[in-house]
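Questions regarding the structure given below will be posed in turn.
Going in written order, the chains are labelled A, B, C, D and E, and every chain counts its residues from 1.
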Amino acid sequence: MGRSKIIRVRSFAVLVALGLVAAACGGGAGTTTTEAQGEAPATTSATQPAPGGEEQPETGGPEAEAPVIVVSLSTDVDILEPHTFRTTGAYAVTRALYQPPADQVFVEEGGVRVGTSEVVASPILESYRVSDDGLEATFVMNPDARFDNGDPITAGDLAYTFRRTIEGPGYIGLLLPFIGIESSDQIEVVDDRTLVVRPKVASSLFDRFMTFQVFGPINQAVAEANATPDDPWAFEYFTNNAVSSGPYSLVEFDRDRGQIVLEPNPGYPGEVANGGIIVRNIPDAEQRALLLQRGEIDVAVGLAPRLLAQLQDDPNVNVYTAPSTRSVFLGMNVDIAPLDNKLVRQAISYAVPYDALLDQVMFGFASPAGTLIPSTMETYAGDAIDVYTTDLERARQLLEESGVGEFSIELAVPQSSKEQQQAAVLIQDNLRQIGIDAQINVLPDADYQGRRNNRELPLFFHEWYSWGDDPFYQMTFLLKCGQFTNFANYCNEELDQIIAEGTFTTDPVKRQELSTRAQQIMLEDAPHAWLWAADWAVATGKDISGVTKDFTEVPRFETLRKGG
Amino acid sequence: MRRYLIKRAGISVMTMLGIVIVVFFIVRVLPGDAAAVRAGPYATAEKIAQIRAKYGLDRPLWEQFVDYLAGVARGDFGVSVRTDQPVLGELLSRLPASLELAVYSVLVATVIGVPFGIVAAARQGTWVDVVARVFAILGSSMALFWLGLLMIYFFFFRLGWFPGPVDRLAVGTPPPPTVTGFYTIDGALAGQWEVVAMAFRFLALPVLTLGFVLAAPILKMVRSSVIETLASDYVRTARAMGVSPRTVLFVDGFRNALLPVTTTIGIVFGYMLGGNIIVEYLFSWPGVGRYAYEAIQTNDLEALQGFVIMVGILYVALNVVIDLGYALIDPRIRLGRKVTA
Amino acid sequence: MTSLALMGLLPPGIELRAGSIRLEGRELTPDLAEGRTPREVTMIFQHPRGALNPTMRVGRQVARVLRINQGLGASEAKEVAVDLLSRVGIPGAERVARAYPHQLSGGMCQRVMIAMALGCRPKVLIADEPTTALDVTIQAQIFDLIRDLVAETSCGVVFITHDLAAVAEMCDRVVVLYGGQVMEQASTVDLFERPSHPYTRYLLESVEREVDPHIEEKDVDFGLPGCRFAHRCSEVFDRCVEFPPQFDVGDGHTSACFRHAEENSVAS
Amino acid sequence: MSLLELDQVEKVFGTGSQAVPAVRGVTLAVDRGETLGLVGESGCGKSTLARVVVGLTEATGGRIVFDGEDVTNEVGDRTFRRKVQMVSQHPGQSLNPRLRIETTLAEPLRLLGVTDDPSEIDRRIDEMLTVVGLNPDYRRRRPGSLSGGQQQRVAIARALMSEPELVVLDEPTSSLDQSIRGRIVALLREIQERRGVAYLFISHDLSTVRRIAHRVAVMYLGRIVEVSATEAIFDDPRHPYTRALLSAVPSIDVRARRRRIVLPGETPSPVSLPVGCSFQERCPLVHDRCRREDPRLMESADGHLVACFAAVPAVSG
Amino acid sequence: MSQSVSWELPSSAEPGRLARWSAELRKRPLLAVGVALLFAYLVLAVVGPAVTVDPLRTDPANQLLPPSAAHPFGTDEFGRDVFARAVAAARLDLWIGLVIAVVSMVVGSVIGVVAGYWGGRVDEVIMRLTDVLLAFPGFVLALILVAAMGDSVPNVIVAVSVSFLPHFIRLTRAEALQQREMEYVDGARLAGNPPWRVAFRHVMPNSLGPAAVQATLVAGWAILTVAGLAFLGVGIRPPTPEWGVMVAEGANDVITGEWWTALFPGGMIVLAVMAFHFVGDELGGGRV
């Protein structure tokens, strides 16, 4: 039954890495349409007021009386270390244990608190400010913010965390150059409460990066006490332990059963809307759905569209969805014949049954993708320029023009993704009609990734999500020449130039222009067929509210509320 | 007896060594790069090289093997690629779950198999016997995963008698304080009777699934060895000497049949020691079997290797125990050949 | 097979169809048909070691029989068992009682089995090829033993064997069976000196006289009606397709051959 | 010159404390065309000796001389196999149940290099089947459809196919019914008369041996204790074991229920033999010397060989 | 008494082979059931794919339809006809089961005869290696072997065959050890057969009996093993119509009430394996 287990692990790892890599520029338009007051007072101002006169809540404060909420994730938690974890489960849990310095402003939309592009100080900071030239960021700690072991969270801890991202072996090190950080010299502890970071260049992504949990403070004293010469950053210690700077403390981490118990961190100055969280790994989506229906769990994520459609009809369940930029595309390796022929790729792009995929595979829980910059992402140009639609006649014609004739080709699908398998079947049907015999090869995920990474797959699926919504980062990672995640091996100098220019442009008009041009190029060269942009979706019990979607799309625990 | 012991021990050690060798080299042939897995899916080449160097994966296979062997001898089975935890520790912490499942399953299988087998043997050729044989064939033909699904479908989905295939306890129920690792026992020790009851409810479906399947070999063995014993010359003698059929069945028949039966139960249990991958996977049972499944799916070579070696070694060790038990019970092995009158 | 029927030990699938078995005038048939073993009859078998329970000390096996058949208490049975063992000529009975069958020789095991049989206090002891698996010198010992015991306990012995010499040595009266039919019955001396049935004659000849090596042997043929020996018989004639009754040929000597009827009718 | 001579042949199974001496220093000879009977109780080593002679088991000591040639190391060779064949005890086992009779009979011809010519092979098979008293039609059958006596005839036929000079008969009749036994013995004698083949006839059945053997050797615990002409052995046994053995044999003569010599005890295990004569523990004539020294075969004036210090010198009253 | 126990009826007239078989089948109902089932599967495997719809054809508009006249076993979540797939799978599964049984029997028997006939060092080495293989539950052994060799039908056959090898080695070895003591082996040696010929021409054919019976059972178990592996996503992969693959694909549906996608193919597996076992069990005298 737990067939989906593995895959999920993998795709999540992808997400995490992507998120880190592809944070969006600060000033861009948010994904949300309405500009509204954030409901949580903490996010409305750049300055975080200390919770009024509350002493350290010994027993967890009044929230401790609130009910515990059971959340079911689709994977287990591999490790708790916030810089090297790989699974989605760990992704969600580390967010609850490491509070990043900044957070988004949220607006209510269809029952979901959706993050806007406005970024403010998080509860553990008193203030967060970036200079107008973008070359100096000042972090002032909230004097009431404490780790769950009682230590105050100081500027030193935050600085230590920055240094750890820069010098340690975590993923984030690779991405720091995009926000202009190269060395620890750029981090300066002014005093116990104040930290200044000086990026080399102004980056529109800086704000967004600061909302990522990788910058959530790690307790320096504890880390150093547990460091060894082999492991100066105490990765090993944090693999199984956490000193939380976030809304929750770790009570229990049972790898065997895949269960984690979190209780509110008494030292966390922000609001926690529930009495604690139990995180359960239930690998099967169907089981998660069923347990949700039976009230045994409160929140389930990672449900397949078919299940979401079923759950929507269940009066005991709420299905929260929001458009997302998580795109799924069919990659075509431009170095493998006959896909090296542009016309063949175009023919394939015309042959894809886009509407059928949205209806029959995604059950409507997706938006059309259109281009690499999906319709849900800023600078999408599909309304202005022609994107591919299903046109078998055209496809046949193109194939004929290409002179390639009928051929047979491997279409690889990862075993864990039912949706992609179904999509493959539908695509195969249409390709057959234009004379292409696609051999579906369902591969175990490890194999699939291995072969994809080695550029051995001619036709493959790729699911990609950028934590930010930045189109140029999307392009950078998916189509930039030589990029390690560019599995289509596509290379176009003009596109590379546009990417280079667009990444450091803050002018929205200019960005739109560059992006539109890029989309034209991509549509012409057709290195991918862009299938859909999947909705973000969470299903909960009827009595659960406070579901939050932020830049990272990580399940946020502290806003979940059970009952009235 | 002493010679026998020494020989047995020697063979066992050789077998264990063989297990380590075989597994190590089979697993090394596995496609996929341990370092790449450890580095994560989007790692750069340098990063992979770094990891390869760190874990010694760039050294000659032979050296790696010697290291691994030395490690195993010390109880170090390497570190899981996926969780960065020592494999042995992870296996040991999951072993009680598998063992609890195994013990109850074998218990159920024995409770079904032994009496049914005796009755079938005593009434050889009658309809009872035919039913028993069909039952045994059904059991040994059963696809575990299918039976498990049937159980889930009927007893969980349709009837709702038992909890879903999720775990050993309901979500959010803390396990009882660990003494044996068996929730049913630990719960009782701690006086948490609700936990005990819940643990049994969660055990029910996987145990019934396995119990049914494992009953088959036990039933067959009981039946055929009781039949064999009953047909033996010494049972005929006992009957000729006026011993009643009932006594013959239970004292001579079953007692002597007990030896092979004990061995069968031992083997069945040994088979279960490795945790049943299919059932643990199907019921999300947090034991070593599911661990192995996850290891395979994620190319976690160290974990897989550790699992298989542990299973092999436990099995060999169990067999030594069974053989010794057998030798103790059976005077033909325990005692020397002749008493000259 | 006949002896097994007598013991109520017929294997499943084979049943007593007709006839009766009587002991001292008492009908045993119904009990036997239901597989109950008559107490007064006991039996010893051909392969003595296999005939003893391998996982039970022989002393216990003997004692068990004593408890069941003589109603002795546990400790008494144990003592009597040792006594019995030495009575059947086992030296160091005390020690042997604690041994398992595999530790004893075949001859020794046969003695143990005889001890067990004695423990039943039988009126009839059926000895089914008791020495076939033993060496001659041991066979001689067992023969002596059986003879002595018969003299001592005055129990009857049914001695089943294919060895004519053993019959000559051991028996008072002989029944010759062929293919499940009684061919001839007589006192031993009478039978050996005055064999009447062609089969008996054939048997004795094959031991004593030269035979033509080129005559082919035939197996017992159960498919044919009438005399079972007919198809091998050199004196076969048309009446042999019927089932021959026993003809008295004098001195309680009977023979189941129609030739006797002819002779008689010719004579009279 | 004898056809086969055994000189101090030994066979020890296993080594060290587990060593079992099955054959201990046997010296024997078989002449052309004669039948030497070898008698003894089970476990005395007579079958082992047979296997040593035909090369199925390798001797651990001593010499084997065939036709004046030392063949100790060649007994398993093809040339020797042609000359020395064997018939074994259980006719049901001695033929490969899957092969037709003709296939079994053709094997020695082909594999021992007698002939490869199919028609010649056919001819010889038919001929041999007739010799052993079977209808040549039997060639197409498999052993399962034959009776025990017929199977043994086939086994004899196989042994004779390569026209051997010596056939070792290892209890060839002991698992057959009495009536069939006589026929097989008669057949063997007939063959010997016609073909001049020598037999080493091994049996525990003294009456059969008496009927076929020219000379008889008595074996006890791996040693030959007495050798002499058949009549001499049966009428004038000199070794106390032979005497006991003979007297233990039941006789078909109902009137002559004579007093038997019943030996006490049982044959000791060959693993732990006592010093001196191995028969000492059961011997009615045992004296001190027997406990110190193991007697060798000693020849008396009439050519009777006995291994006993107290051997009864002549016919006893 | 015990001397004359050939109670078997004489075979007076040789009845036809067919008549003998049918008499045999009437006497042994379990055997008859097994043979009938196997025959039915055979027909299904041979004829079935010709009469059913394309097992790979998807029809997104008809996903997860319950069983009906048009789709006797319903449709799966790709809208494929479960019956057509189950029938197509019969061909693959039966074939794989038989091939594995034959391969492991032949290879295992050869090794077993070598060990049993030659004995000594050779035997010692073979038995130690067999012990090592036996130290793993067969399923685990097959699992790591397939994992090591990669997913493909030939690899699955090899891996599963290896996992059954030790049974055949032991069985044939034990039998060969017994056969070695039989006098016909001496006879064969005396007839001039060289050792290899004695081993393979004489001993081996006579040692195959138990192995052949075992092979019938193994054919069934092989199907189970292959399906079990496929269920775990190892070996044979979707969308190949294979019973284990189908059960795996349908397993998730069971929990949401669409039982037919998994339960039908699973039932087909169990019936097929049972058929082999009825036959094997009867041939082995009910004691296997």
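Rule of thumb we're sticking to: contacts are C-beta pairs under 8 Å (C-beta built on N, C-alpha and C of every residue); 3 or more make two chains touch, one makes a residue touch a chain.
Quick caveat, the model's predicted, so the values are computed rather than measured.
Touching chain A and chain B together: E.
In terms of C-beta pairs in contact, the better-connected of the chain pairs A-E and B-E is B-E. Set against the Cα centre of chain D, the chain with the most distant centre is A. In whole angstrom, the spacing between the mean C-alpha positions of chain C and chain D is 31. Mean C-alpha position of chain D lies 49 Å from that of chain E. Distance from the chain B centre to the chain D centre is 55 Å, each centre being the mean of its Cα atoms.
Counting partner chains per residue, chain D has residues 177, 266 touching two or more of them.
Annotation for chain A: residues 1, 284, 287, 290, 444, 447 touch two or more other chains.
Shared interface positions of chain C, i.e. residues touching 2 or more other chains, are given as 105, 108, 162, 219. Considering their complex, residues 105, 107-108, 135-141, 143-144, 162-166, 168-170, 188-189, 192-193, 202-219 of chain C touch chain D. Listing the residues of chain D that touch chain C in their complex gives 41-42, 133-135, 147, 149-150, 177-184, 186-187, 190, 204, 206-207, 244-245, 247-255, 257, 260, 262-263, 266-267.
Across the complex, chain E meets chain D through its residues 3, 182-184, 186-194, 197, 202, 205-206. Those residues of chain B whose C-beta lies close enough to touch chain E in the complex are 11, 14-16, 18-19, 22-23, 26-27, 29-31, 130, 133-134, 137-138, 140-146, 149-150, 152-153, 156-157, 164, 220, 224, 227-228, 271, 274, 277-278, 281-282, 292-293, 296-297, 304, 308, 311-313, 315-316.
By the touch rule above, chain A contacts chain E in their complex via residues 1, 3-4, 284-287, 289-290, 306-307, 310, 356, 360-361, 415, 418, 421-422, 425-426, 429, 440-444, 447.
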